[in-house]
Amino acid sequence: MASVCPLSYRYGSGEMRNLLSRENLLNKMVYVEKAVMRSLEEAGFAPRGCSEEVEKAGARVAVEDVDRMERETGHDTASLAILLAEHSGICGRYVHLGVTSNDVIDTAWALVLREALDLLLDRLAKVIAKIASLAREYRDLVCIGRTHGQHALPITLGFKFANYVYELARSYERIVEARKRLVRCKISGAVGTMAAWGEKGLIVQRTACRELGLEPHSITTQIAPRDGYAELVANLSILASQLDRLALEIRELARPEIGEVVIAPKMIGSSTMPHKNNPVVAERISGLSRILRGLAVSALENIVTMHERDLSNSSCERLLLPHTLLVADQMLIDTEKVLGSIRINREAIKRNLELLRGVIASECLMVKLVLKSGMPRHEAHRALSLLVRRSLDERRDFLEVFRESDLSSKLDSSDAYECFNYENYLGSYRELIDRALSYAENVLGKR
Amino acid sequence: MASVCPLSYRYGSGEMRNLLSRENLLNKMVYVEKAVMRSLEEAGFAPRGCSEEVEKAGARVAVEDVDRMERETGHDTASLAILLAEHSGICGRYVHLGVTSNDVIDTAWALVLREALDLLLDRLAKVIAKIASLAREYRDLVCIGRTHGQHALPITLGFKFANYVYELARSYERIVEARKRLVRCKISGAVGTMAAWGEKGLIVQRTACRELGLEPHSITTQIAPRDGYAELVANLSILASQLDRLALEIRELARPEIGEVVIAPKMIGSSTMPHKNNPVVAERISGLSRILRGLAVSALENIVTMHERDLSNSSCERLLLPHTLLVADQMLIDTEKVLGSIRINREAIKRNLELLRGVIASECLMVKLVLKSGMPRHEAHRALSLLVRRSLDERRDFLEVFRESDLSSKLDSSDAYECFNYENYLGSYRELIDRALSYAENVLGKR
Amino acid sequence: MASVCPLSYRYGSGEMRNLLSRENLLNKMVYVEKAVMRSLEEAGFAPRGCSEEVEKAGARVAVEDVDRMERETGHDTASLAILLAEHSGICGRYVHLGVTSNDVIDTAWALVLREALDLLLDRLAKVIAKIASLAREYRDLVCIGRTHGQHALPITLGFKFANYVYELARSYERIVEARKRLVRCKISGAVGTMAAWGEKGLIVQRTACRELGLEPHSITTQIAPRDGYAELVANLSILASQLDRLALEIRELARPEIGEVVIAPKMIGSSTMPHKNNPVVAERISGLSRILRGLAVSALENIVTMHERDLSNSSCERLLLPHTLLVADQMLIDTEKVLGSIRINREAIKRNLELLRGVIASECLMVKLVLKSGMPRHEAHRALSLLVRRSLDERRDFLEVFRESDLSSKLDSSDAYECFNYENYLGSYRELIDRALSYAENVLGKR
Amino acid sequence: MASVCPLSYRYGSGEMRNLLSRENLLNKMVYVEKAVMRSLEEAGFAPRGCSEEVEKAGARVAVEDVDRMERETGHDTASLAILLAEHSGICGRYVHLGVTSNDVIDTAWALVLREALDLLLDRLAKVIAKIASLAREYRDLVCIGRTHGQHALPITLGFKFANYVYELARSYERIVEARKRLVRCKISGAVGTMAAWGEKGLIVQRTACRELGLEPHSITTQIAPRDGYAELVANLSILASQLDRLALEIRELARPEIGEVVIAPKMIGSSTMPHKNNPVVAERISGLSRILRGLAVSALENIVTMHERDLSNSSCERLLLPHTLLVADQMLIDTEKVLGSIRINREAIKRNLELLRGVIASECLMVKLVLKSGMPRHEAHRALSLLVRRSLDERRDFLEVFRESDLSSKLDSSDAYECFNYENYLGSYRELIDRALSYAENVLGKR
């Protein structure tokens, strides 16, 4: 088999890949057929013991067998049902009775998704925990905060990380909330009415769902409503975009001119430039997030199914679901890897903080001018802007320029001086970090 | 002013348009500046009474004034702050003190979104209620269920509608859940640390948030995290796609060959064909949903802000937010309109149910063959498929073809006959409709 | 290896899959390294004969070898270069000299794309030819033209098909035009200056390009500009959406209530409903088009590479390129299959044409009223609209209703009657079909 | 009228806004109705002179009149036709005869698009010319080339700009090529057959098209095929992404730690931080490009119209078309503005070039080691990598570290030394710049 998809060999963990493999999906489908048989027993349609027969039959059916039969029948789930029936002896006649293909497919996917989301949430929890520990470790390390790529005000590195903790915890919360709409049993027959089971449809559904440990949808057409999948892909695209943001942060901080973050070197950075050391894992995260942003669109279109369903979601989802989950999986793995491999360069952080010779104290001075001298805020703003310009143009320390100016007479020199001690200008960063961490703890505890 | 955007004059309600107008956004920004001033008073930075001055000043500043000043300053929020200061007398010096533009913008948008979501949720509740009433009215009206555009099994029209009730209620639930992450106060200064307010940042934030009736974010950069907006747009895109599905349902059922739904005629259907009566409102819904599916992508990209924020979300959101909300608004209005204008053609429904001469009874016969004669399910399936072919090719009633076949000897004739009485083959549709309706009631009750 | 991607086993031809396999990409990369070595010989950097050594070395390197070495080096292209060097004896020292990874990757992809586009254009040409033959076969078969899903005016089935010929020929033309921007040699070193080859860069590039039969880009950064890939994916998404439109046409015409197209039945249409015969191949086309519409977004984002390139396009493209091409491949295969499997039901076409009892003659009557009786067009429109309403409400033939009306006195009865002979109301359909077919011939001839 | 869309007042030039206004679209629709009347005269359907009457009538119809009548009729184009008829005296009866709404709408849009594309191509040509002049001005200014955000090899600033010249010229070429598929006359009646004009359809079409200076489509349904609009939006999204790349380049180079580009300061950079000077125009470009990437998806979906058309493209396009063009317009205006406002900091460029103490010479040394000493390339690569590590870790000049190493014995010291004179390591940059510029000249000349 030619390898054409990097998800087959390159991206995603082995664990997730196994979960999403055709082989596992087949197992889950067998498991659903067994649960249905169990419920047919319960409802009195099939003799006791048939569900065990289906299970045994399932152990004898491989993906290749289904493929072979599909070439004859043109229908993969029907082929599985026939194969299970053929291997279930006397019970074979009841296999798939009253069940439509998407009872099996959608419910098997619910089982896969339950595990896949567990895996993703575990990974996300680990990523959040890692960033939280960085937030604690660097809680008080003052660094420059940047807006528009330009120097804004001092923050601490821990404060920077704490923002990611909060943002990712919001994703965690979102996925947990969405799960209850997504991971549901869909066993209700060809158009959702359970007609084939007569009066006993609800018994069949209840029993099968209980067997599988899933709640049923309140009502369905032939298929579970596709807003669930769209919500999943949207949520993972949001998460992916957050991870892209974190990756971009690291890629930028690792630029040689900035150097606040150092990437541990690999053996070969470039095939032709021996000196290259590239943030390739972070870049991979950014690249993969684009796939998820694109697939969000595909997932949305699948909602628009015709009447009691048309099939066009099917081919789309065969790609969409494994790709979304494996890409998200790889991105979380990569994020953990990146976070584990970076080193913080305190010296560069300090150098950058001083880079603009103190102009970043301008807001502090403005506030003091207002509060202490009674100068209107926007006049102070304007006057300080001019001094900043001079400081930058003449490459002189801002404090010096300030002291020479008329403005300096309006403030005690200790007041002015204080503004240049950036540790004094960090506001409530500690409490805010704590708030972010406890938000995350709260959210992670709720799963 | 040239009209270039149909949202200015054509799509969206006047109510929503006012809410999203520059004028209202300006009002909300003033309101935030006032709340901030109130909190500066509380924290002891500004004298008591200044917040009322800001409010009065706000009444004297119009959009055009801000525009005029922006041409000088190059910054719209800063211009507003200056104008407010100029009109606030002695209090002017404290206006916008320690506040960054996005404290004002993001929080003003939270206020707008709170009202906009109320409006959308109201409309959505009405749409759900209308469909629920149709589900009740047509609870027992048997019609054909269609999968792949082909006849599948009988359902009832009420059952069809009940699926939409469930699906839309899931959207309602989703929006309500997302709201708590979205509608939040962002008042934390230039990089989120609240540095300008020294030790008193948390007091300032708490007071302002309380004034505005909003919960604050746990932590922020210069801006509120953009996953909130992305979640909003994703949720409204999901809703839009569901409404597109409903619109498509109606467009298809209104085809002359199907005719189960009749669209009330307008005066002019086509500019050249006097006979045309087109489902234009439903088609408009489908068209607008495409805008939202596209904008979902733009919203996702905005999450990827650099360091403590870059500005690239800004220009994007100036379009994204009003467009998303107004388009969703129009789609809900249109859906209500469509649902109010359709008429059900019972005769067509009956005709279509009989169109395939009874072959839709095949599943029922299959189940009975299995349960009563012990025939294996997939053999019964295959045998019935051949009879179906014959019935369709020879244009003979399926019951007749069945009776002539070997299969008929395996079933009592009353058993077989029963399958052709479609009212008997609706499974648990009543309970399922009830489940859908009570799911919706539950969800709508929770807001 | 677990199968997680349906492109590995389900979608796309074997031919395209081989072309896009890692194995083939590796072969093409070796081929590029050989061409580069040939050009190093030509420029006097390497001894004559080395390129043959590289070729031989390439035959001894397998994907697994590269994988193994990548685990050490962390760089796949560098690993290949090392392996080739190790197997090239004395020539090994010159392997990959002055070449950056993307010289090899981008140029190898240009070679793959040249063949892949040939394959796609061949398939598209066949699809167009097939539709053109349907357009000819059914040139004069009158059927109803539908707008808004409603009956509009008569057309012919051939005219319907001819529109698809024109539309798809536009895609063909677009792909051919885009190819010259896409299929280009990128051999210019680590930042595009060809610095490693001193004065001889242009000789190296010219020789290598000539060896490979490719034109070079005029200039590049480290990589070929990504607008080329975005254009490719956009063009294939446009094509995919056109095929989706054709698939939708067939799905709708195959509805039992319409029945103008009949899908040849497969053995199993539904796993539970023996009577189902579903247009599954057409539905598959619709579903796959969604993947391409989504990936268009991913391809656009890749354009935004930082400075002389960042790596984030790389992970994205590992999925994007094979997926786009294989999905398009499958869609064209499926379209050919669908077109080969449908049967036209003349009787249903005739029945539908008469379904609305002649009201589709209203435009014709309006025009005659204007031209013959001098009645203003919009008055005739209004008057006829009312008669149409009556005809539909009372279920009476429109001709009859017209004759009873005041309007009938304004026209000769033969004039009115003529309007109901739909063969007379087909305008210039023959010439238009001819124009469409000759447009396509023209375009296809130009490749 | 409340302002809810920034395209009404903030983004896009007045020129483009006028072109895309409802008012102008109405004018163009009148112009098309006049051309049609002219062709009805030519075909003998209407008396000579009527087209002038229609023109005069058009001058008396305003947008508000159409709105008013649409409220009655529910159809905007039909309302226009009625109003024109009412004001055209005796000729009124022939107005819109045989014409369907989209004959008027699609053709009016072709007229708008012809001018809009002229405007965009003019702007794009200016942008390209500006970058070309920068490429010439800084042709020989050596700066560091960056890949992965890391220092790669020296390039020149002119070489950097020349890449943008090439890339944007490719967009120019693409738009010119696409124009012939897009800007076409659609005059063919309700289903495209021209039936209302009997034998004279082709005469009507030919005359009207000639009047308007447009080529007709070879064939159409009720509407022009929508792949044309999708291609337009895709092409402008590609262009937008290229401009985003350029904006990102400038934003990054303007970071204080890099400082190679200096943004001219505005009066107010931040509403609270007097020192801020932000690249807001470049950031606006990046933000707006996201809107276009999203709308590309909407445009693709519009292709999938049902049978001879459904209406769902209509509501979508009312937003899509003006938004796409105005956003692209603003982005080009902004790009010109940014390019005009930046200053190059030669000192920073020089400083950055030396930042890594010479390790960027490693490729050069590797090549010389291979060519002069016969060392295998990958061994030289490995050995140099280790020296680079040492240089960076010990913060010593790479030349010094190299000289101390065993490797240095393999090269003449002048050879090694030469590698550190970066002007010697720029390859064929001059010829490549020339190639890029002449590619652009060629392409721009072809319009």
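Note that the chains are named A, B, C and D in the order they appear, and that numbering of residues resets to 1 at the start of each chain.
Basically, contacts are C-beta pairs under 8 Å (C-beta built on N, C-alpha and C of every residue); 3 or more make two chains touch, one makes a residue touch a chain.
Remember, it's a predicted structure, so these values are computed and weren't measured experimentally.
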Chains in simultaneous contact with subunit B and subunit C: A, D
Chain pair showing more contacts of the two, A-B and A-D: A-B
Length of the line joining the C-alpha centres of subunit A and subunit D, rounded to whole Å: 32
Centre-to-centre distance between subunit B and subunit A (centres being mean Cα positions), rounded to whole Å: 23
Numbers and ranges of subunit A residues touching at least 2 other chains: 78, 81, 96, 98, 147-149, 152-153, 189-190, 196, 251-252, 267-270, 272-273, 278, 280, 283, 293-294, 296-297, 301, 310-311, 363
Residue numbers on subunit D that touch subunit C, as the complex places them: 45, 78, 81-82, 85, 92-98, 145-149, 152-155, 159-160, 162-163, 166-167, 170-171, 173-174, 177-178, 181, 188-199, 201-202, 217-222, 225, 227-228, 230-231, 234-235, 237-238, 241-242, 244-245, 248-249, 252, 289, 293-294, 296-297, 300-301, 303-311, 363-364, 367, 370-371, 374-379, 425-429, 431-433, 435-436, 438-439
In the complex, subunit C residues that touch subunit A: 1-12, 17-18, 20-24, 63, 72-75, 77-78, 81, 96, 98-101, 189-190, 196, 251, 266-273, 278, 280, 283-284, 286-288, 290-291, 293-298, 301-302, 310-320, 322-323, 326-327
Subunit C residues touching subunit B - in the complex, by the definition given at the top: 147-153, 251-252, 254-258, 265, 267-270, 272-280, 283, 297, 301, 352, 355-356, 359-360, 362-363, 366, 380-382, 384-385, 388-389, 398
